[in-house]
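Two complexes come next, and they have one chain in common, chain A, joined by chain B in the first and chain C in the second.
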Partner chain A sequence: MKRTPISVWAALAVLAAVTAAAAFAPWLVPGATDQDLMTGITGPGPGHPLGTDDLGRDVLDLLIAGARTAVPGAFAVAAGSMLIGNLIGLTAGYFGGWADTLAMRWADLMFSLPALLVAIVVAGVLGGGYGLAIAVLVVLFAPTDTRVVRGAVLEQRHRPYIEAAVLKNLSAWRIMTRHIWPNIASVALANAFLNFAYALVSLSSLSFLGLGVAAGSPDWGRTLADNRTQLLANPWAVIAPGLAVIATAAALNIVGDWLHERVDRRGRAR
Partner chain B sequence: MLRVEGLSVRQPATGRTLLSEVSFDVAPGESVAIVGESGSGKSLTARAVLGLLPAGLAASGLVEVGGRRVDDDPRAQRRQRGSTVSLLMQDPFTLLNPLRKAGKQIADGLPRGADPKTEVPRLLAEVGLPADVAGRYPFQLSGGMRQRVGLAAALAAAPRVLLADEPTTALDATTQREVLALIRRVQRERDMTFLLITHDLRLAFSMCDRVVVMYAGRVMEVGRAADLRREQRHPYTRALLAAEPPADRRLAAIPAVPGSVPAHDAVAGQCAFTDRCSLALAECRASVPPLRPAGDAGRLSACVRAGDLPAAPAPPLGVAAPVRTASEPVLDLRGLRKTFPGSARPALAGVSLTVAPGEIVAVVGESGSGKTTLARCVTGLERPDAGTILLGGRDCSDYARMSREAVRQARRTAQMIFQDPYSTLNPARTVGATLKEALVADGRPADVAALMELVGLDPALAALRPANLSGGERQRVAIARAVAGEPALLVCDEPVSALDVSVQAQVLGLLAGLRERLSTGMLFITHDLAVVRQLADRLYVLKAGECVESGPVDRVLDEPAHPYTRDLLASVPDGTSRWPG
Partner chain C sequence: MGWGRFALRRLAGTAVVVLLLSAGVFGLLYLAPGSVQQTLLGTRPATAETIAAIQARYHLGDPVTVQYLRWFGDVLRGDLGTSIRTGAPVSGMLADRVPLTLALTAYGTLLAALAGIPLGVLGALRRGRAADRLVVTAGVAGLSAPPFAVGLLLLVVFAGWLGWFPGYGTGEGLADQLWHLTLPAAALAVGAVGMLLRFSRAALVRELDQDYVVFARARGLAAPVVLGYALRNSLVPMLTAAGLVVTGMLAGTVLVEVVFALPGLGSLLVDSVTFKDVPVVQALALLLTLLIAAVNLLVDIGYALADPRVRLGGGAS
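== the complex of A and B ==
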């Protein structure tokens, strides 16, 4: 077995920190959103390592609390689109014919739409809201999973082990989920991680535009948007949430790659 | 001309040794074969000679070409590659660049100053191809023609040594014979030194003056082909030769060696063959026996008992089972036709055949004969255009139109074994899970251990994934999966052609045993007449989708009526220097 590279350890550390922040934010920073208008905006100093924003809220506390909104939302998008995309991709690749044509033309149609723009329009027309933003992104991300999974299924479809399963009269559902999927899991997982990272950025963008979380909620994109006019007073209030988004997205990509390799190696001789 | 001494190949990253202390030499104009099963290190030896070892491997020892040491000087090795030593590779379908015309690829190898306009047609004529082949792309050529183009390219620089790595393994039997005859003629005419890498001992005897037998990264025996054929001074050579079934007579059982080729390091410090050898002594495990002169001139053997090996009794002959005339055949095909979309020629042009219960019926043919399509139609993996398929008396011509229950019945009647042991099992599932699922699907109690014992597997292997099994073990698992529900018909699509000879003998023995125990009828698809002779009762010869001859195996093979059957029969190597003719 190859040694795990240091970049993967670093990425895992970032994800562990972000996950911990998302899970325990209410206990870690119970007063993250408490305003202190007397303090106002300050640069980094004692008691406030990253300073405060114009409402006197501690930026570090906001960052920790923000993970709780930013990360689960992106996770929901990745998981939701993975589920939908894998089901459609498996069906299209396994049965072929009109099911395949239908699924692929649908994917083509979705691909021709600019994802973020559609999300902005839909959220704008229907009045915004975090849940809606997530639902829209799930629908828009699922086609990438569908295409990737379908391609992987086509590669497995005519292998003798699948034909042997057909000859054993196993149900199509069983062959798809128990025989084909474990062999394409590495691809499906890697793609889900890419979507996770992409969804994180997209949701932050929506929040930045005011179409995601409600005003005042702690969220990386929101914090960034709220403080961009105060860039000179406390640059960290803008830089820190931006860095959080970038670091988490990069970490997700690295870990996704690493998982892909690991899962792919499973089933080969050691 | 070529001298290899104490050649060892190691993988420094893992500390594994793949090849140790390989020594042999080839005189100018001489032909030598290196013979071994997969994992013996024969191809690695050839690559080390050429300085073409895969990345991550390191060689030590001495390699001399034309009296010049080359192993310590990569530039010398590069210089002699092509001009002094040329390589003919195995797979005719990947050895040529698909985007370049054949003539250009031959011209690439010409020495500086040679005129391609005159040289390329001359080379093509030498390998028996018309001059217009030069203007064609590889996809316009058949496998045999591509291998001839490969030979012409290898000859372009007028090498003094020709190295051929399994040059005909991917070709059909009749094409193999033609190409081998060509290689031998060219080698003699040019008086080239020839090193042949092959897994086929009989082929090596026919083609070469001397033979080097390798096993698990070591040389086991060296000798002149005629001497070695007459008498083997190493139990492994003997076992290898015995495991290759003869095409001219039926044996009661093919003598099989248990187990499979071990990794070099698993048998370090002892004779590599000890664990599979019936004649082993305590001495064999004490140290690695060196290669010592044994008996006749030039003979070397690495067996401590080389001098006093007991004579091997000739294997007893068997008799073909009497032709079964059951009232109800388990498989009855009538006028089966199939043309693939976009293909001008039908894959099946009206084939009729029957299989009686417990009968083994072979379908023989070369690639393109339609034999695999036939097998896939029977099991419903392809749909025939016309004709009827009766499985156990029920019409199964079109699986798409049958009721669920009828399909289930058909699938319990006929099961299939596939060719490639590496893709026949789901790599993500353990052997136990695969077999348990098969038993449940066939409505049997989930007794995986009993099923594994039926096919001669250790039940402890149930916890492993296919990647940790050898090719032979995988094929046994595939057989177990197929016979889990004791089907009345087993369709075997080239089940042993991807296996090593010693393992092939085991699997053929297993199939013969299963027929006795479960009285399973078999439709056995193969290209190998020697296998047919050992296993089958009746035989159908297929050519271009049509059955050209059929009948009891012994009658058809002893007195072939159709010229195509005679061609096929003549293309089985017989081990004499008269072959390939």
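== the complex of A and C ==
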């Protein structure tokens, strides 16, 4: 067993901090969105380690509160697409035939679309806000789960334990969910982490363009958009949320890659 | 399967995708909240005259399929309708903005290729060592960084603190324009560098493990020659990466153009989406669809050039 690399520990630490901020933001920073127009935008100083933004809101408080907006939406996208993608991937891989062809053609079509552009067009024209943006991203991200899961199922499909289960006359649903899925769960989970990272980036991009969370919400992308016209008055109002998005997404990608590699190694050792 | 049949099959596939998506693009008109007539009126007053004009243009009384076919026919003839926001013909608005976005994408792709592929090669050659770990980590960070955040960070550092590059605008003359586009192109390139680096490193690592590399080394061939063999064989995954890079960049230009206040297709898309200027959004969506389909077609043809087994219908991936 290889030692866990330092970068993975660092990534896990970042994720723990972000999760804590998302979970406890209302208690940690109850007044994050309180405006103080008299103060306005200031650089770092006493009482405000990262300064304030143009509405006089403390940047550090906004940063912590932003995790609560940014993370659950991205989590919903990753979980939703994992559920749909796994169901379709299991079905396609297990039954094969026309179900497989249909699922793969659908995945090909979705893959030819850049998710962010579709989300911008659909969420923007429909004007449905954050919920719609999440739904669109779930549909667009599910094919990556579908492909990965289908591939993993195909590898399991002709193993003896499945033949045994079929001979025992177990239902296809039971074989897929109870027998195959536990064997491919780590692959599915690793892919969900990668989707999580991409969803976080996409949702913050939408918020940055004003198509995601409502105005005034303490979202990282939104904070960036609110303060980008005053770059020099307090650069930290832009640097801090920018780095927060990058660090969180990078941490998710590192953990996802690490899980993938572990699965790969185990597969080879067998 | 020869070249002719291969090209024909790929073209047919692309045409099917474009047709499917064009139906979706047309459907945007019906997806927008409120009646179609309201959407097309925008902020204009609903007089008998304006309504009659819309009826004459869009034939809203006809069945939807007929409307779609008429719309598609107009598009094929180059008539993309008029903007609700400005009242100007959409085709002219697009033509004004296409050069900037194409220049930005090309510049960004160039920067990404110049940085990403050499770094990937370096990582593969120094596999497992400190330089490799650094390259891989930098690649993950690049892949994770949304272009708008990178763009703003670049603005703070290089335009604000150091003052090396201009912050906004497009500039006059070729050299000045390039100078103005450098920061936006760099912001676009960061994600692409991560992608190219990862694909080229992985492909090369796989090739360097192959028997032919061992034999070539054993025969005493010079290291650059051996690297050349391995690189040629890693072309297919690199082409996959290139396709993903260009489509990713077209999405990224939207964010980067907003950050740097550049008048390109991306900022037009955001303005039009915010204003619910559906004809312009439709035209842009269609144009981007065509661009992406063209890129994917080129990548497919590239596969066939790099690996004849693809063209001959073999099982190569």
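Methods note: the second predicted complex is superposed on the first by the 254 of 270 C-alpha atoms of A that agree within 3 Å, B and C clash if a C-alpha of one lies under 4 Å from a C-alpha of the other, contacts with A are read in each partner's own complex, and residues count from 1 in each chain.
Operating definition for what follows: a residue touches a chain if its C-beta (ideal position, glycine included) is under 8 Å from a C-beta of that chain, and two chains touch if they have at least 3 such contacts.
Predicted model, so just to flag it, every value in this text is computed and none were measured.
In the superposition on chain A, contact of A:A17 is made with neither chain B nor chain C. Of the two partner chains placed around the shared chain by superposition, chain C is the only one that A:L224 touches, whereas chain B remains out of contact. Contacts of A:V166 after superposition: chain B is touched, whereas chain C is not reached. By the touch criterion defined above, A:I84 reaches neither chain B nor chain C.
By the document's definition of touching, of the two partners only chain B reaches A:N183; chain C does not.
Judged by the touch definition given at the top, the superposed model places A:A197 against chain C, while chain B stays out of reach. Which of chain B and chain C touches more residues of chain A is settled by the count: it is C. With both structures placed on the common chain, the touch criterion links A:L116 to chain C but leaves chain B unconnected.
Shared contact residues of chain A, touching chain B in one structure and chain C in the other, are absent. Of all residues in chain A, only 159-161, 163-170, 178-179, 182-183, 185, 266-270 touch chain B in the complex they form.
Residues of chain B that touch chain A in their complex: 379-381, 407-408, 411-412, 414-416, 418-420, 423-429, 437-438, 441-442, 465-468, 478, 481-482.
The part of chain C that touches chain A in the complex is made up of residues 17, 20-21, 28, 31-33, 133, 137, 140-141, 143-150, 152-153, 155-156, 159-161, 167, 247-248, 250-251, 254-255, 258-259, 269-270, 273-274, 276, 278, 281, 285, 288, 292-293, 296. Residues 5, 7, 109, 112-117, 120-122, 124-127, 197, 201, 204-205, 208-211, 221, 224, 228, 231-232, 235, 238-239, 241-243, 245-246, 249-250, 252-254, 257 of chain A touch chain C in their complex.
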